[in-house]
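Labels A, B, C, D, E and F are assigned to the chains in the order they are written; within every chain, residues are numbered from 1.
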Amino acid sequence: MPYVNIKITREGATPEKKAQLIREVTESLQRLLGKNPQTTVVVIEEVETDNWGIGGVTVTERRKTGL
Amino acid sequence: MPYVNIKITREGATPEKKAQLIREVTESLQRLLGKNPQTTVVVIEEVETDNWGIGGVTVTERRKTGL
Amino acid sequence: MPYVNIKITREGATPEKKAQLIREVTESLQRLLGKNPQTTVVVIEEVETDNWGIGGVTVTERRKTGL
Amino acid sequence: MPYVNIKITREGATPEKKAQLIREVTESLQRLLGKNPQTTVVVIEEVETDNWGIGGVTVTERRKTGL
Amino acid sequence: MPYVNIKITREGATPEKKAQLIREVTESLQRLLGKNPQTTVVVIEEVETDNWGIGGVTVTERRKTGL
Amino acid sequence: MPYVNIKITREGATPEKKAQLIREVTESLQRLLGKNPQTTVVVIEEVETDNWGIGGVTVTERRKTGL
């Protein structure tokens, strides 16, 4: 019955990679914690690099300056 | 003062239906828990079917295979 | 397949009221948007009044000053 | 190591303003709680006015009626 | 730089299992999407069974009735 | 009308520091983006160090090993 929310910057993750990520996380939850995969929900959110900050700096700025 | 976040797959919910959903959830919180509707916030997020998984499978794949 | 997260201040909501809230929100999503209730997940989170701010002031402070 | 999620209605916030917001929130967490800015993550999400309700009414409707 | 939030019902997950879950999810994000594990944040939230509903029914009620 | 969710590890933040954080974030949103402070909601969540991972390792483990 778990709910998993994965936020990543929007930088070209393919549907195949995202589907594989959903499979793996669901499988980890089943194997490690015994959670029922049929009711495990995984939601991926892709966020613009202007809207994501780390170290007080947006990812857009970090990419420009080579951080 | 509640905050409600509703995530659904993006599949054509109309503005009218979403407005009605916001009304009903706000009303339930007022009637059942006595929460002030004036400061009740409801945010709906619509997620691409590629980015939503249940049972380890994306909704995109589920729709294709008739799940 | 919706996922709903409801955050409220922790101020004595009973299990019966919370169960009723879960029922009503699930029903609204089914009736208005045709969402399958069997895979609708609703999670309620109760937050200490020290940790909830509105208008720049915590709920703890608001209650003390009659706001 | 904090994680901050800021949801606002999508109404034209510029990249510069958002970058400044990320800087300020990261700085507040460092100064007030001693949190390491290098691992502080801030994610801004901009939500359509149709999908945001307060007082049981969407922001789209509120803007039309001058609320 | 991903942020992952995993919500599960509070039913005795051990620190060792949770640490392993964090390791595996971080590793999946690195291997599949090339995400830097050093800035990947995973937060697990454990929710009381009274506060978790699926199919319109709380997990507390489901456990009692053998659902 | 913004909603801000701040997640930190539970390590003794005082009510006074949290109240000040709520004030500052609300003020930043007003000054930078023109958001109405009266309807700005800030929710702080404090998470056990066992449940927070970065770099694939829980904060509990990091503290033990001097990371």
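Here, a residue touches a chain if its C-beta (ideal position, glycine included) is under 8 Å from a C-beta of that chain, and two chains touch if they have at least 3 such contacts.
All values reported here derive from a predicted model rather than from experimental measurement.
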item: Proportion of interface numbers common to chain D and chain F (over half same, under half different); value: same
item: Between C-E and D-E, the pair with more C-beta contacts; value: C-E
item: Centre-of-Cα separation between chain B and chain A, whole angstrom; value: 20
item: Cα-centroid distance, chain A relative to chain E, in whole angstrom; value: 13
item: Contacts with two or more other chains, residues of chain A listed in rising order; value: 1, 3, 7, 39, 41, 43, 45, 52, 54
item: Topology of the chain contact graph, where touching chains are joined (line, ring, star, complete, other); value: other
item: Touch relationships between chains, expressed as pairs; value: A-B, A-C, A-D, A-E, B-C, B-D, B-F, C-E, C-F, D-E, D-F, E-F
item: Interfacial residue positions of chain F with respect to chain C in the complex; value: 15, 18-19, 22-23, 26-27, 37-46
item: Complex interface listing, chain B residues touching chain C; value: 1-9, 13, 17, 20-21, 24-25, 28-29, 32-33, 35, 39, 52, 54, 59
item: Interface residues, chain A side, partner chain D - complex; value: 7, 45, 47, 50-58, 60-61
item: For the chain D and chain E complex, residues of the former touching the latter; value: 1, 3, 39, 41, 43
